[in-house]
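Look for chain A in each of the two complexes below; its partner is chain B in the first and chain C in the second.
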Partner chain A sequence: MASRHEVKSPIPGTFYRKPAPEEPPFVEIGDTVAEGDVVALVEVMKSFHQVKADASGTVSGFPLRDGEPVTAGMTIVELD
Partner chain B sequence: MPIKVVTAGIMTTIQDLGRPGYYHLGIPMGGAMDRLALRAANLLVGNDEGAAGLEAVFVGPELEFTEDSVVAVCGAELPPRIDGEEQPTWTALDVREGQVLSFGFLRFGARAYIAISGGINTPPALGSRSTYPIGSLGGVDGRAVRPDDILPLGQASGGAKPGTSVPVALRRLPGSDAELRVLPGLYWHRITEDSQNRFFDDTWKVANEADRMGYRFRGGQQLEFVPRKQPYSAGSNPSNITDACYPYGSIQVPNGAEPIVLHRDAVSGGGYFMLGTVISADMDLIGQLQPNTSTRFVKVDMDTALAARTIRAGILDEIRQSTA
Partner chain C sequence: MRRTLPIKKLAIANRGEIACRVNRAAKDLGLETVQLVSEADTVSLAARLADEVKVIGPPHPVRSYLNANAVLSAARESGADAVHPGYGFLSENAGFADAVERAGLIFVGPSGSTIRLMGDKVAARTQARNAGVPTVPGSDSVITDMDEAMALAESIGFPVMIKASSGGGGRGIRVAENAEELRKLAPQASSEAAAAFGDTGIYIEKLIEKARHIEVQVLGDGLDVVHYFERECSLQRRRQKVWEEAPSAAVCDSVRARLCASAVDLAKSVNYRGAGTVEYLYDDLTGEFYFIEMNTRIQVEHPVTEMICGTDLVVGMIRVCAGEALESTQVEIARNGHAIEVRLNAEDPANNFMPCPGIVSGLRIPRGDGIRFDHMLYDGYAVPPFYDSLLGKLIVWGPDRRRAMARLNSALDRLAIGGLPTTAPLFEALADSADVQANAIHTGWMEKWLEQNTDKLTSQGETTA
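== the complex of A and B ==
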């Protein structure tokens, strides 16, 4: 039985699923990620910070839409 | 005996109370954005209030101690952990040789001040250890701390009393809907009466472009300017003026669109009109605002500003007594 894991943003700012507007998202639902893979960007203080998965698993959900505000400790990617 | 930086967070800088006296030469005063929090942290660990500590934005560093020390974390609710075990903020904490100080996720505020008994003892630049990264002044080689940096400590006073806390009522932080008090300034007449009122009526939000130089706000209505023939050397945009000095706390609104409050590492002059200045008592609060925080500007007069400064000084006195 797979356990659920939530990847949280360590920083507040704006959440982005893509490395750049014209590029595909880092990960999609159903993708397998390894610990350390970049799963999102958070923009704050005029720079973009990579958020990396702190566990491996299969992406099962994104609680936030691309471009939404995020606070520190908020879940940005759900893994099964 | 130094501290070893294991990880550095996203922007952790050495800060003291800054280097006033060079702003007219273009060098900002720098120093902690939340001065009260840095002072409180230093008092808890038995340091001079102006000793150098670390200012960590949103994310804390991991620090390994090579001698027994006392630390305190004040300002943002960034929960400290010693060897993984969570500890209270605003409290003098014993750390033993070999232990690691790390941090959990930020719960409130934006900047945590980490004071260590003895203070950080990097070489001062122009009278201060504060880091001014753009000018490569102070700090560690003029930059933010990095993994593998070794931070020297001064001689501890021995005056720290582990377990001492700053009373909750004295932990000054902005509300989750922040209010910043503003004294209208020299160029207030440049915007229409309607815009003057709207600036204070509108609810603004902290933008992502908010750092030690300045805090940008968005979400309020465009400001309209009183028409005039632009004076000699002012640009053609109605938000331009003949170049002038920019005070700490002044609010410029380029193009009338998004107000920017200048903070500790600000540029010292330029050609944007300033509608007013955030009062000195509220500048610490700006340093604790996260992006997207709802903010209202509240119009005050000089008497109110001076009274607020006296009240803030009283809070500091109470912190001094509570940690003595």
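== the complex of A and C ==
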């Protein structure tokens, strides 16, 4: 029973898909994530905050590109 | 009669409160200003204050304020003949300073070569020692032999820090309280360094316990250098200053005289031009001070010095960088009273200082004799999340420290920044603390105090949701 879920950024800042520039992304499309898995970083005022999946599912999309600005409440990862 | 400055138009290559501060100094000098902004800062107070605004790139600082090419091209296109870098960003980037000068513009700061020299820890330490400035006693080169380590530790006195020569960020640092510990810990540090960095070399340095952070303000015109006394910045969290004072209530006049003279000696030894700060650790127990580093720019906490010396350091640095001689000789520079600055950051002290951008509302700025508020705020301003959390600085002056503290309390009572949490509750609690009142503090004091006093930091009624 697949249902869509959107992981939203709790804070405004800069969205990153990777833990560090030279490292691979936390998750890719098609990956299965469990609730609590780190899916992104948001940089706010020079400090980095992990964003965790608040549901389990399969990653189906990223509305933002790596390094783009994000506002609080914006969807950063889509799950199916 | 003063010659007219060779600057007509100043480009401000920074943002936030310091951009507003630089704009004010430029206006006092009769200069036109062009504010260089990222796309996120077109609505900033700095942009509102300047005569012109030029966009240099996207919000992220790497693509705007740190992009030397974009900053320099925008400055040139605007017809500016000088660039003020503020603090942070490109202010201590020697390559940028060189590029500005190569482009035929004035860089409001020291030469690229001075920035480069002082930015190199080892070279700066050597320069300081050659100028007769005390440095933290320790090994000047790598130690590989246990006997050498022991002899050195005995000569500088325990406790000592053992550092891996290739380390950094606190990795591989150990503290030995006595010879026995050194004998045990030095080989450990060495083998850990070998495993982590492929290098067995270690350095030994005297551990200055419960040290204060004291720094001296200097201003040079490339030939002569004067000092504007010292500031104390011992209240820190994660090595970030949060509260600064001038003068330091911890040093006596004879120490002050030697401290300030040593800063002038160092700055003179590099023909320093512009405003600079020589930072020291100060050991209360021995009355000794030790050079840490020199910051080759205007600093966040410069207003406390301005308050006790009755000078404008930003105006002063623009003048000397435009080629004028120092306006005051050392004997003409006097200090009067005591000043305190606290940094209002968009952080929630009740929630581990989590940075919290938001929309400013209900702004109320305290005014009156001996009160100054340097800031970037207006009602309805959306504080962007892309930069430092500093919103503004409340600076108070009093005839002595006790009365400056009283004025700080009164000004904090009358300051209101709504719409987002700020560090204001931290300063109310700190001002209440007996240790702060007695100035019985050191650079590690505040983090310990925070562990026991988080309950005092609940914010008083912001977040108008």
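Before moving on, here are some points about what is shown:
Everything that follows uses one rule, which is that the second predicted complex is superposed on the first by the 79 of 80 C-alpha atoms of A that agree within 3 Å, B and C clash if a C-alpha of one lies under 4 Å from a C-alpha of the other, contacts with A are read in each partner's own complex, and residues count from 1 in each chain.
Rule of thumb we're sticking to: a contact is a pair of C-beta atoms (placed from the backbone, for glycine too) under 8 Å apart; a residue touches a chain by one contact, two chains touch by 3 or more.
What you see is a predicted model; the values in this text were computed from it and never measured.
Looking at the shared chain after the overlay, A:69 reaches both chain B and chain C.
For chain A, the partner with contacts to more residues, out of chain B and chain C, is B.
Within the superposed three-chain model, A:20 lies out of touch with both chain B and chain C [touch as defined at top]. By the touch criterion stated above, A:46 is placed in contact with chain B and with chain C alike. Shared-chain residue A:8: touches chain B; no touch with chain C.
Residue overlap on chain A between its contacts with chain B in one complex and with chain C in the other: 11-14, 43-46, 69.
Of all residues in chain A, those touching chain C in their complex are 11-14, 43-47, 67, 69. Interface residues of chain A facing chain B in the complex, by the touch rule stated above, are 8, 10-14, 43-46, 49, 69, 71-73.
Chain B contributes residues 10-11, 57-59, 105-107, 110, 208-211, 290-292 to its touches with chain A in the complex. Interface residues of chain C, counted against chain A in their complex, comprise 40, 59-60, 346-347, 354-357, 385-389.
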